[in-house]
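I'd like to ask you about the structure that follows.
Which chain is which? They are A, B, C, D and E, in the order written, and residues in each are numbered from 1.
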Amino acid sequence: MILGIAEADWIALLLTLRLALISTVLLLVLCIPLAWWLAFTPNRGKVLVEALVALPLVLPPTVIGFYLLILLGPRGAVGGALEAAGLNHLAFSFTGLVVGSMVYSLPFVVQPLQNAFQNLGSRPLEAAATLRAGPLDRFVTVVLPLTQRGFLTAFVLSFAHTLGEFGVLLMIGGSIPGQTQVASIAIYNHVEALDYGAAHGLSLVLLVLAFVLLLSVYALNRRFRWVGVAQ
Amino acid sequence: MNVIFDLRRGSFALKAEFDLPDRGVTAIFGRSGCGKTSLLRCMAGLEPEASGQLQVAGQAWQRGAWSLPTHERALGYVFQEASLFPHLTVERNLRYGWRRVAPGKRRVEWQPTIELLGLEGLLDRYPAQLSGGQRQRVAVGRALLTSPDLLLMDEPLASLDSDSKAEILPYLEKLHRDLAVPLVYVSHSQDEVLRLADQLVLMDDGQVQTQGPVADVLTRLDMPLAHQQGAKALLEGAVVRQDEADHLTEVICDGQSIWVSQLNQPPGTPVRLSVAARDVTISRAPATDSSVLNCLAVQIDALEADPQPGHVLVVLRLGAQVLLSRITERSRRQLALTRGDCVYALVKGVAVH
Amino acid sequence: QAQEVTRVAAAAQLRFVMEDIATQYRARYPGHPIEVQYGSSGRFHAQIINGAPFDVYLSADLDYPAALMEAGFTASEVLPYAIGRIAIWSNTVDARQLTLTDLADDQRFRRVAIANPRHAPYGARAREALISAGVWETLQPRLVTGENISSTLQLVQSGAAEVGIIALALVMTPEIAAQGGHRLIDGDRHLPLEQGLVVTRRAEQNAVAWHFAEYVRGAEAGTLFRAYGYDLPTQSP
Amino acid sequence: MILGIAEADWIALLLTLRLALISTVLLLVLCIPLAWWLAFTPNRGKVLVEALVALPLVLPPTVIGFYLLILLGPRGAVGGALEAAGLNHLAFSFTGLVVGSMVYSLPFVVQPLQNAFQNLGSRPLEAAATLRAGPLDRFVTVVLPLTQRGFLTAFVLSFAHTLGEFGVLLMIGGSIPGQTQVASIAIYNHVEALDYGAAHGLSLVLLVLAFVLLLSVYALNRRFRWVGVAQ
Amino acid sequence: MNVIFDLRRGSFALKAEFDLPDRGVTAIFGRSGCGKTSLLRCMAGLEPEASGQLQVAGQAWQRGAWSLPTHERALGYVFQEASLFPHLTVERNLRYGWRRVAPGKRRVEWQPTIELLGLEGLLDRYPAQLSGGQRQRVAVGRALLTSPDLLLMDEPLASLDSDSKAEILPYLEKLHRDLAVPLVYVSHSQDEVLRLADQLVLMDDGQVQTQGPVADVLTRLDMPLAHQQGAKALLEGAVVRQDEADHLTEVICDGQSIWVSQLNQPPGTPVRLSVAARDVTISRAPATDSSVLNCLAVQIDALEADPQPGHVLVVLRLGAQVLLSRITERSRRQLALTRGDCVYALVKGVAVH
């Protein structure tokens, strides 16, 4: 017991943070090409993809979790293929949790990035190209700083949402302490067990932690923000 | 080196072809919307739809639809509109291109550029904290500091006061000469063009109407410049001597002397003079008092009706050079001027560039 | 004006038997409209305390209703109505021959699913049974837990866990019975899973609520409970 | 039964759509001032508010629902006050659901709007002011069209998320058919009842509906989009 | 009407005070970064931090820190940089302000404005589909169509070719006269200023250095304009007669005749002439051949050393008007020129505006 929180709960907290960080960072990286494509393609079919991206949100998380469980489990397409390749299926594993929360947080990342890219305009990129900056160079030195706010939003929404995610994670994670039992599940268990004290305590710790984290992220963002837009 | 570009953009079609010398300033001139910016963008590789032909410093930049990516082209581009990175300070804007050129390949120096463009005091500012002219100067500096093989400038001095221009123009002149690179310069200012350009490319509705040495294009009767209200001819000459008493300087152009308001330059200095068509009258006899009036022996090369009713535009040959004169139809009749006549051009006003 | 419906909150695992009981009840007493909701007993507990419009609360154990009574939200005593049984179930192997000790075989079973022993009564009983069979500690790293007994079943159904300990009532439903076999766990291996109901305070004047509570504990419902694998409490009201 | 979906499920679907629409529209309207303030205040304290806005995401929905239930129920601060004023408390009512989903979707609306406002720059607003447009006029004729994409994202994220919301709604709504039983709860119930056929059917209808809706929104957005940013 | 504005912006401080006449064009002139844009923004009410005093058409716009909201000011503002609404077509950009003015209060007509600015073909385009100059023309049109009581223009013609300028300038002239509203005009082009401005406000580092009628400010020796390389004086005169044979037009300025290259204007037309200081020499005797050289009887008003070493700047009074002459120190000594002397100004070049 530290700060009135049981050790198991601390472990769950750590696991949650790890999960949220890993899946958010992975998602940010993987969504860049998708968001870029959505932002700039003249293809009319992109509205289909835009609508598809939002669909994971539409179903209740437990149900998504159930479908994912089947997909990632040993008899599912993904899990089965992995098993056939001599690997383990993804149900009840940390990797499975990462996949699950990535699926679910997809729209939170794609949409803000797409917006930020669309707002960029072509001029800064063109200017950078005339100054000898190659595509990757341009992305790092021009796109990233100018779309910082979009990345921030994507990060915050995906990170915070993964912290609180529960339905999907419970289903595909099976709530194994130390492996897949994240904080949100632990809190839920406390509430169900009518152990409100423990629930409040862990909620509070999670909230304070998240608050401090978000605060630092926002403050950092402010710190590194360049000065205003042209008058 | 022949430059060709084709581009469609909505209802506008660019079909430009012109000759870009290995060095020297090529001014692009034409009405608003005629395609000057589009042409520069094609040359910079910023129009993926463009096709054409461009070779710079022995390297192919465009060949048909194939195009060298912009960032692999050693060019300096000053955009017509603000293009500074809003998230970088002036200094980091300037360093952006500078850092990306290998130190061994840098031929433009940092300190003199900063000083000449008057940027010392602005280095820590962000673009949003600059005035319009200050932004333009930073953009010019940023392009120059990449030590380019080709300089593209789209009205780089448009929002600068004449003092700043007067400081920057000689610097640009010197720079492109030192670098020995071609400079393509879009400007609406006749003054800047007369001063800076070696070659003039005249565009109209996406096409190159004509091109050639500035003095030629200015005076070609089949071209619109000669027919403008403010039509001018350009004469190249050299300072010969000063007349301190009368505050005059003698310039020799193709063997004939022209007196201009005193210039502070030693004998031998090459100068460019411009003479407006309406400041030139024609006489069959030399002027009586040639010390106050410039009177040049010339030969009529061509005559053509002027848009101004009742007027005639006359092209006068002065050795290898050419003058324009706008006279009334009546005088032409009275003097019975025809092609090939040897006459005297009385010049009332000369500007020095 | 239609008569106000009587709302029954029932523990999730009662779903199958309760549907039959409710249908029967509605047929017999058409003037007594009832509506049954299923869910976690813990959630119902919290909701009733905070003003939920439930008239009868059928818990999966005796503790939740007892807590509710203590807090003063009930009109009745805690009335036991059935005793749940648990079984080993699988749809990948033949569970009919499985014993609790077999579950310890990590070659055959990589994952074993039970309901969360902390708050799901069926999970608590499963834990007791595993402890008594001496395999609880061995199983620890391979246990996965479901939020309630239905989701525990789903963990097994999906194949992600090879075997699970599930409410007998659930595995005796025709669809599930058709998918795999089960092995009833000896009732001695765990505390009896006594389930109790209460009539809530808001239903004090609701005759239908009282009547339905009585009906659930009556003989007709008892037959159905038995058919679904429940035992009946010995002492009468 | 229409299309193999029970009548009760259709009712739940309708309820879901109503809920998602009402709470999203309310949220959009209410968040405009907040997002505007966050976008333009020079106040350093704004990072606190920014971090606070994201906090509802951090807790598992059921737990948020649990706290909201206490708050909005007859013994809570809000519900109690309402009861004292002779009104009904908000737990287990449609209004309660609206409040709940608004709290939970807050960050999905505030963040994209704030980003869009920050990207706007002051020039278009200044130009509009010199052309006699008052503040409201400027907002409608300049801000709205230029931040369209931000509003779209806010709408899509909040709307889709409310469709799939489950933990919060179940907790504060119960699952009263026709009143608080939304589609996500109905699907959950089907899954719990192992009635996968009904669950798949309703999920499919919800997905298709959401897809068609989102598609129309995106297509409409495309249709009304003005042409590119200055070259 | 006295205009006062105070504004701090980082290290830059604007402290401007000048007189804005009820009508006529006030040109604001000054180096890049001196605060011209800032001043215009203050006058438009776009700088919330500004304090000062401004009254337009009898209505207080700024009084101390209190400021009338921009949208309640009947002004037309052409920003220095692009400011078109990117989401509206050209037509809807133009209609934006137009619609917001009650039909009864519209004093600028739609059709002529569109035509004169050459916007007919562009109405359906979006700003991103326009060239730089086209955008600028739309911005000018949009500001004019609000029928303002005060026109603020920040280099409105900077990226226009001379033909377009030549079309738009007379229109602007006519317009502000018809509307009888003051026009505050920032420009770096001496030509535009000489042509358009009635009054000149000279700014330096945030402060008004001087202000007054253009002809005065241009020739004040304590002001920098007179000391520039291209220093000019402005003369107002009227056409008297044409000399068709010599292609000359006689203009009378304060009773003395000046011959200029032929103008196509009837006698009586007022014209503005500008004379560069270096085109004026001074003589004790009238020129012998006055038919070819303009020789004006003037009186020396002031003499001052010029920045160009060895040179002197002389202010010459011609009736109520003033000319500048730049001569060498040696000639001044030889001719023993002093203040009050009556001498002859020999004018070598005259430009007509």
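One rule holds in what follows: a residue touches a chain if its C-beta (ideal position, glycine included) is under 8 Å from a C-beta of that chain, and two chains touch if they have at least 3 such contacts.
Being a predicted model, the structure only gives us computed values, none of them experimental.
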Discussion item. Applying the touch definition from the top, give me the chains sitting in contact with each of chain A and chain B.
Written reply: none
Worksheet, complete the sentence: Note, CA centroid farthest from chain B's centroid sits on chain C
Response to the item:
Per mean C-alpha coordinates, the chain lying farthest from chain E is C
Worksheet item: If you average the Cα atoms of chain C and of chain E to get two centres, how far apart are those centres in Å?
Response: 92
Response to the item:
Taking each chain's mean CA coordinate, chain A and chain D are separated, in whole Å, by 19
Worksheet, complete the sentence: Expressed in whole Å, how far the mean CA point of chain B lies from that of chain D is 60
Practice prompt. Please compute the C-alpha centroid of chain D, do the same for chain E, then give the distance between them in whole Å.
Written response: 57
Worksheet item: So which bits of chain E are touching at least two other chains?
Response: 81-82, 129
Worksheet entry | Contacts with two or more other chains, residues of chain D listed in rising order | 62, 66, 123, 191, 229-231
Worksheet item: Which chain C residues sit where two or more other chains touch them?
Response: 43, 46, 151, 154
Worksheet item: Considering every pair of chains, which are in touch?
Response: A-B, A-C, A-D, B-E, C-D, D-E
Worksheet, complete the sentence: The residues of chain C that touch chain A in their complex are 40, 42-43, 45-46, 64, 67, 111, 113, 116, 118-120, 143-147, 151, 154-155, 158-161
Discussion item. Looking at the complex, which residues from chain C come into contact with chain D?
Written reply: 7, 12, 15-16, 35, 37-39, 43, 46-47, 49-54, 148, 150-151, 153-154, 170, 173, 175-176
Worksheet item: For chain D, which residues are in contact with chain C within the complex?
Response: 62, 66, 69-70, 73-76, 79, 89, 91-92, 170-171, 174-177, 189, 191-194
Worksheet item: Of all residues in chain D, which touch chain E in the complex?
Response: 123-124, 126-135, 137-138, 141-142, 145-146, 226-231
Worksheet item: How about chain D: which of its residues touch chain A in the complex?
Response: 44, 47-48, 50-52, 54-55, 57-64, 66-67, 107-108, 111-112, 114-116, 118-119, 121-123, 149-150, 153, 156-157, 160-161, 163-167, 184-185, 187-188, 191, 199, 203, 206-207, 210-211, 214-215, 218-219, 222, 229-231
